[in-house]
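For clarity, chains are labelled A, B, C and D in written order, and residue numbers in each chain start from 1.
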């Protein structure tokens, strides 16, 4: 980001002029600096991010940092602490997507007024961005009795309805269809809530893709499909299962307004999300957002990673031909969502290098405290496995005579 | 059809000139005569029908007549003969679709060389067009031991692999996906066979629609999806479950070549099918054909019909708002596939009124004979119900001690 | 109290609950939620509650059940009626999502939803694919859903009220063959518990157990046997999951003989669980099952009718045990 | 004869059949069909047979199974490997199409196809949704498919040969937890029948019955009990459908005691059918089951490990019966 810093005194209001000018300069800088990457933008989206309060803008960077340092701390734990039991699917590299989308949602208030988010097998970023308590989430990852879901869920199934985080879903496909059902309920009861589902490029090929989009269109549901196209599902490039370069084209075929955004730039993501949320609340029906992005770690766990270093390199366990090349990963890491958000806010004069550094230091301390708290939490009581099958009572043990 | 009759002597060869001219004249006539109907054509398709031998052309009309009189005889039986046990889903009105498509297929020869057809809950027309024996089929409809499938199948499940008729399938959706599997096998074993599935407008909304088209495209399968858009599924207009006016647009979104044809005109249907079959045999992958058509009877059985009369009128059992208006039906019946095929062949000089009448008389006799034969066939032996669960042996009876 | 058909009784329950809760929704595919009954107002959910709450969809039963589940997770009560041809389509979402979400989230997911799943298999002429009795086992085996199957209009209404009010996802199996049964049914709402079998007749010589569409023949057999002088206890399972072990074991403990009847396939039909539970808990009793053979129902009425367990066959089997 | 892992043994069978039949195809989603074994050549089906016959697909398990079925109907042998997360997705097409087509067409449909369906549930930490043992019952209840579940590398290979050669559609359940077991396995092709249980150990005091991933604990229990001096007969079901009633009934007739074990849910797990068949055929014996409770497996290893039937729990239950 090569633009001069904006003095604090000059950036008080959310007016058009300065930020409007700056964002164009920023995008131009980004384009010059990162030609050749896959990320693209559609410049005709309204630049709503410029109207956000400084607090909100700072909160967005903070959220990105919280996700990032949670990721890195997990990776380091996995690699260095043999007593650490949690497994996980890393989100690092994609932070701007969850953050940009959730910044456009209603994340607190009574359950019948907040927006709902359906997440995936890679839920951490979505959860943090939606407002899930990090320490409780981490305790859940570590199977603790006082974790977010009392040890029943672990990473791939975390859920926190209090902040509208309906939850992770480890299956590819069904969650999208289920999410349209929430949108259906909102419309039926006359609520202006919105139902958002995150999904990877892998979701395109599922039969559920058609069901979710077709019914959302037919019934004009307040439903937003956020497709995080990180180019791969497990060990296969998405071109193996999808004939479209932009998966958004598939959504457009249903008559659903769709946007392709640079998933590394939180403000672009926000702009598209804001447009979609406004449309949904106004009764305009569904939207589709394809965020071009990349993940820095492998599909699952930390193979190929090193303690203290961001990203996992050179791991190709099955010598799969369509597996991602290391240089592709390195090229994407040049456009890091943390750097972009930070540089933009400094450029906009929302903060300076020092306050940005302080924020990062604070976040690291918060993350460390969350892990420390989680590690002290009690383990589960075996017999509790018989609870929560139904709303009331316990089921009978059957593993013993 | 207002063109002058062509003298027999002038229509010996399949050359370009005369038929080429005539077909344009015919279409123009059709368009003038039937403005306001939904059937449409895409005139840029090659007019391959003009190159067919007279025998083949006559065979096509004959097939249409055989389907039609089988339909009418069934309806009359159902309405007038209380001992008649068969139930059925009528195909009358759509005869040109099955006939035009199957005329472009390889329908005899060894099983590993013929083309395969997957049919629906409305299979009679497809079966007859593919070459299934009518008498045996009728015996099957009547649950006879010597029926096409020995009384196990009845109408919605008839099958005759000998002519490549894989069979009826009473479920909406799965058959399309299964049919891509046959195409997959052809490609894997280097065969030039083609796998064709017929489906209604109701199939669009199924999740299977996406699976079938996406995988056919990704793997470039020799697969043809013939969508008979008769505007309704059961009691709902297709616009209730589909956001496209032409469902073909949905196929195009996958990059699959798609045609919309007038399903009442067997030659137009043939032209599109021939193009698709040529493409598939040459390794060019899947095609989609949407035939705009209409059925003259209700979804199931003969309610609203009268003995000796074609079509069923004024039946709206559930007072469903989206149910078809009688005038819509009457309007479609103005463009009857029998009339269009007959008039065209007479116009082309392939036959004259007298030979056409004789053909119809012959067909009626054949159909009557088939029904008579079927009615004399033996009923099934109860214990045989325990056979054919597996390739060998019988399963145990369990309904008795 | 009015004489009502099954269909009317069920929709009466749905109508009552939808009037009571303006957020509740109903999704259907083929069968418009309309019922009429002599001396009663026509019930038409679509016209009464409007198309935002009562929706007719395309042919996508997996969407129907998934949508209802999503509505539940969003805090709205919701139900859907899946036609029998689509009975297997939503299996995965019910098994792996509806059934597991509450436990998997440590009790935080709420799913006040009902999956009404039509069952047929009773119609000679409708072969193989158009028979779906076998889904009872599929939906009974999985965890976290309550699976019930009524056999009388009274139960059909009471179980519908209970299902719609239950915070748990309920698979409500709907034997289409019983749709035109009628009997006196209260006009007011009432609940039939989701976890209790019904003792239809008390007796001491033998226990006959059946469910759903099999009950008319089980009761027919009891009548035949009663005329012979046998004292027959007849149990209607009603709840497949959680199965009412106590009632079953109590009865077999008393009679010492159990004949369990399924219209579904023999292998792993509900009767297998009935026999297994009783055999584990009552030593020394005699146990038999009769069921549809492990073969798809053929179209031919001659084959099909012979393969279906009927009152005579059941009575015969019972006689051989006593 | 070479010491081989389960994985290698299975792929050796597939490789042999694909070499033998140039039309045969294999469809996979996640797990590339690659296996290596000390002293043996690496098997890689994709590179050996090419991408027209061995296909990697998008995430659509229903397509995978449907495609294999369509290939079979077109006259080609075909198989697919469905990862455990997708185990429930193809239920409908296997239940209502693969299982019914032969009968429904009066024997005219041919379906020489194999659905390999991965099973897990053994991994503490993988909660709820990521456990799919329950599909064994779903695929065992339906008609017209043969459902088998191996528990040793030897059986895994022999059952794979038999499944691929069978004209019937076969659901081949693949317990992922056993994938790294190894033992001496012949290099040549051989078949293990699709309808025979294996008596793993003869004995006279009690019959223990298990299957698939449950077998290591059942055998562990037999060892514990043997050390106590009890004479234990151990049966591995192998074939869930058609279940080998004769071997089961013969054994229980001899021992007079049956303890059937499931890693799947208690209600309507395969053990229910084992108990029911034996109870119908052996009067006066004692019957017990132990199984996973009717609850989705929780993530916490503390809860999960306690809920899983293990060797000690099985031995304990057996002791109470003798």
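Quick note on the criterion: contacts are C-beta pairs under 8 Å (C-beta built on N, C-alpha and C of every residue); 3 or more make two chains touch, one makes a residue touch a chain.
Chain labels with UniProt names: C, D = Transketolase.
This one's a predicted model, so the numbers in the text were calculated from it and none came from an experiment.
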Maximum centroid distance from chain A, chain identifier (CA atoms): B
How many angstrom lie between the centres of chain B and chain C (Transketolase), each centre taken as the mean Cα position? 38
Could you state the distance in Å from the CA-based centre of chain C (Transketolase) to that of chain D (Transketolase)? 30
Distance from the mean Cα position of chain C (Transketolase) to that of chain A, given in whole angstrom: 42
Contacts with 2+ other chains: residues of chain A: 151-153, 157, 169, 171, 205, 207-208, 211, 214, 218, 240-242, 389, 395
By the touch rule stated above, which residues of chain C (Transketolase) touch at least two different other chains? 57-58, 60, 62-63, 92, 96-97, 101, 103-104, 127-129, 143-144, 242, 288-289, 294-296, 298-299
If each chain is a node and each touching pair an edge, is that a line, ring, star, complete or other? complete
Flag every residue of chain B that touches chain C (Transketolase) in the complex, lowest number first. 85, 87, 143, 145, 151-154, 156-157, 169-173, 202-207, 233-236, 240-242, 318, 320, 379-386, 389, 395-401
Interface with chain D (Transketolase), chain C (Transketolase) side, in the complex: residues 88-89, 91-92, 95-97, 99-101, 103-104, 127-129, 132, 134-135, 137-138, 140-144, 241-243, 264-265, 267-273, 275-276, 279-280, 283-284, 286-289, 294-296, 298-299
Chain C (Transketolase) to chain A touching residues, read off their complex: 22-23, 25, 52-53, 55, 57-58, 60, 62-63, 66-76, 78, 92-93, 96-97, 101-110, 143-144, 146, 166-168, 242
Which of the residues in chain B end up touching chain A in this complex? 205, 207-211, 214, 217-218, 240-243, 249-250, 253-255
List of chain A residues in touch with chain C (Transketolase) within their complex: 111-112, 116, 147-153, 157-161, 166-167, 169, 171, 174, 177-189, 193, 195, 207-208, 211-212, 214-215, 218-219, 387-392, 395
